[in-house]
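Before I ask anything, here is the structure I am working with.
Chain naming follows the written order as A, B and C, and within any one chain the residues start at number 1.
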Amino acid sequence: MMQLDAEKQMRRRKRKNTIFHILFLSSTLFGIVALALLLIQILVDGLGWLNWDFLTNNASRKAEKSGIKAAIFGTLWMMSITAPLSFIIGVSTAIYLEEYAKNNWFNRFIQTNIANLAGVPSIVYGLLGLTIFVRVFGFGKSVLAGSLTMTLLILPIIIVASQEAIKAIPGSQRNASFALGANRWQTILRVVLPSALPGILTGSILSFSRAVGETAPLIVVGAVAYITTLPNSVFDKFTVMPIQIYTWANLPQEEFHNVASAGIIVLLLMLLTMNAVAIFLRNKYQKKN
Amino acid sequence: MLANRQQFDADLQKLRQVLIEMGDLVKKAILDSVNSLKDSNVELAKKVIDADKEINVFEERVDDIGSRLIATQQPVATDLRRILIAFKMAGDLERMADLAVDIAKVTVRNGNQPFIKPLVDIPRMAEVVQQMTKDSITAYIEENVDLSYKMAKMDDEVDELHSEILRELFVMMAKEPKNVNQVLNLCFVSRYLERMADHATNIGESVVYLVKGTRPDLN
Amino acid sequence: MSIVQIKDLDLYYGDFHALRNVSMNINEKSITAFIGPSGCGKSTLLRTLNRMNDMIDSVKISGAVSINDTNIYNPTVNVELLRKEIGMVFQQPNPFPKSIFENVAYGPKIHGIRNKKQLDEIVETSLRGAALWDEVKDDLKKSAYGLSGGQQQRLCIARALAINPKILLMDEPTSALDPISTLKIEELIQELKGDYTIIIVTHNMQQAARVSDQTAFFLNGEVIEFSDTSKLFSNPNEKKTEDYITGRFG
């Protein structure tokens, strides 16, 4: 009897295990399959439109003459401000919070709010940018206003990622440095940052790619949808790739939807390149240690 | 206090038990050897000689337990001294048993020959030595420093009796040289008893060293 | 001759009284061991000697610690220069994720030595001092993480020697090492005694007994007994010491 019960129980346990195995596998497949279908759809629609002209033409009323040049340059202009600014401010903040800040209510307050800011919807940053940079500072609907807004958006992510990277450096290494007579800045510069750099870079590049892909806040700040000139200064009008794609996708003509797909392919290639760089950096530094 | 090192404590207890049992056997060997001499009881003397083997086994057991504890438990301070004096004490007890055997052998050699004079001083000396042996073992059991000192004092008495006995025996030897054999044997017995007292004193020293950590000179 | 004088030292972590009225003199070029159960204050005292406790916000200290006749808690004392005089080796080997050379050269560089030839010399002398030179002389450019645990700890000792300290503090330096590596470090400690004053915190009482000249036994933040190691381990004055070293509590 006992023997039989035990066998039954064992069968039941095995069955349960199989059921969950299948359940989790199908969840995984669901995401991958959906993503693959989407990519295939885009590639089918867009590849035919993707050529050198597409990259070098500005926007046009005619689908076959439309190009993404202005948007690519707009994105590059924006990132040339957003990337260094958010990196410097973000990493500095992280260093302050992790290495210098004492554990008092003020610093705890800052810490909590940074964590919260990372979760604020991007449209809220757009409204903030519109109020402060476009109107109060009077930058207008310019590259600068857009870049600063994007900086605000990704700053909390860079701070949190950098903090995590700095936290991961064992206290024992800081102690070793202090015990040898190094002061705090020497310790940060020679021990903490070199070890934390891969983590900081990875986090930063991933948040840069988020900035490249964001649409909503820039629509609010006023990136223009149709533009035929490249920006010459930070105070010029601009557009960026996601907005250009968004605009094309909203046009009634069927051809423009295919143009949008071609734009998406370019955007995806750019994002994948950035992520690849992030992974490369991480692996390179990990191996070194 | 936490009950740490229970196994170690149990082993130390065992070591102590072995020494106490060995002490009992040695006390008996001394008593029997002296009685065998007094009563010319060759049977009893032979028993004493046989019993020595058993006592030697006890000494080996002390060596085994003690060296195992040193190797495995890294004893320090009192624990270490407890084991060190166990070695020493087992040596002393074993020597005392050997001396009892020596006395028993005198009994055997003398056989049924009557003594040239009634034995008076030697039994008196033997009594003191037995008291010392008893006290030294009690001092160990109770870790009693005062008793050790008191016991060691009796050694003076033993030494005095020893020289007195020797003087008397020398006179006899001079008077009747034909008894030289028996007289010499009695000289030896006195000497053996005197050595026993020294070993008892050593045990007293060990007890003081165990308790205080310093080495006194009780001799 | 004593090089460290501690007088009436009290230390609090917040409300916790971690060191109680500690006074002791530590002899120059000798090895002093601190023993005692966890949380007894031995590591805390070690860390007051190079002011590593400064790192903790809630620490309050009263009393005096003098090294070479200077009270190191005097406000005019420069902590970085103080730590240059006092090397420290930690419980876990903690080399930097740098090359062997850079690990040893770290301290001298911090203190302003740039000359390559001079650095080469310091690195070699320090590695020889830590009995590691022969094992690593061809691999100076390789990562310190490629060394074994025992080698890493000797590298940390070399790193501490490179700043040319007078005193070496060792906080359970062998607790993470295997027995053979432990014996090597212990031998090294004996060799270093000729040039340095060594203070070692250890949980391993046999280690304290083997390597040190003097031993201090700590309990609940107090120094219960401080005497010659041979005396303390063969015939301690205090019952509490006896109970601890014979393993009857703690």
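Here is the rule we use: contacts are C-beta pairs under 8 Å (C-beta built on N, C-alpha and C of every residue); 3 or more make two chains touch, one makes a residue touch a chain.
Small disclaimer: the values here were computed from a predicted structure and weren't measured.
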Chain whose mean Cα position lies farthest from subunit A: B
Most centrally placed chain, judged by C-alpha centres: C
Gap in Å, rounded to a whole number, between the CA centres of subunit C and subunit B: 52
Rounded Å distance, subunit A centre to subunit B centre (Cα mean): 92
Distance between the centres, which are taken as Cα means, of subunit C and subunit A, whole angstrom: 47
Junction residues of subunit B - those touching two or more other chains: none
Touching residues on subunit A, where the partner in the complex is subunit C: 102-103, 170, 172-173, 175-183, 186, 190-191, 194-195, 288-289
Complex contacts: residues of subunit C adjacent to subunit A: 50, 52, 55, 57, 80-84, 87-88, 90, 92, 94-98, 106-107, 110-111, 143, 145, 156, 159-160, 163
Contacting residues of subunit B [partner subunit C, same complex]: 1-2, 4-5, 8, 74-81, 213-214
Residue ranges of subunit C in contact with subunit B within the complex: 205-206, 209, 233-236, 242-243, 245-250
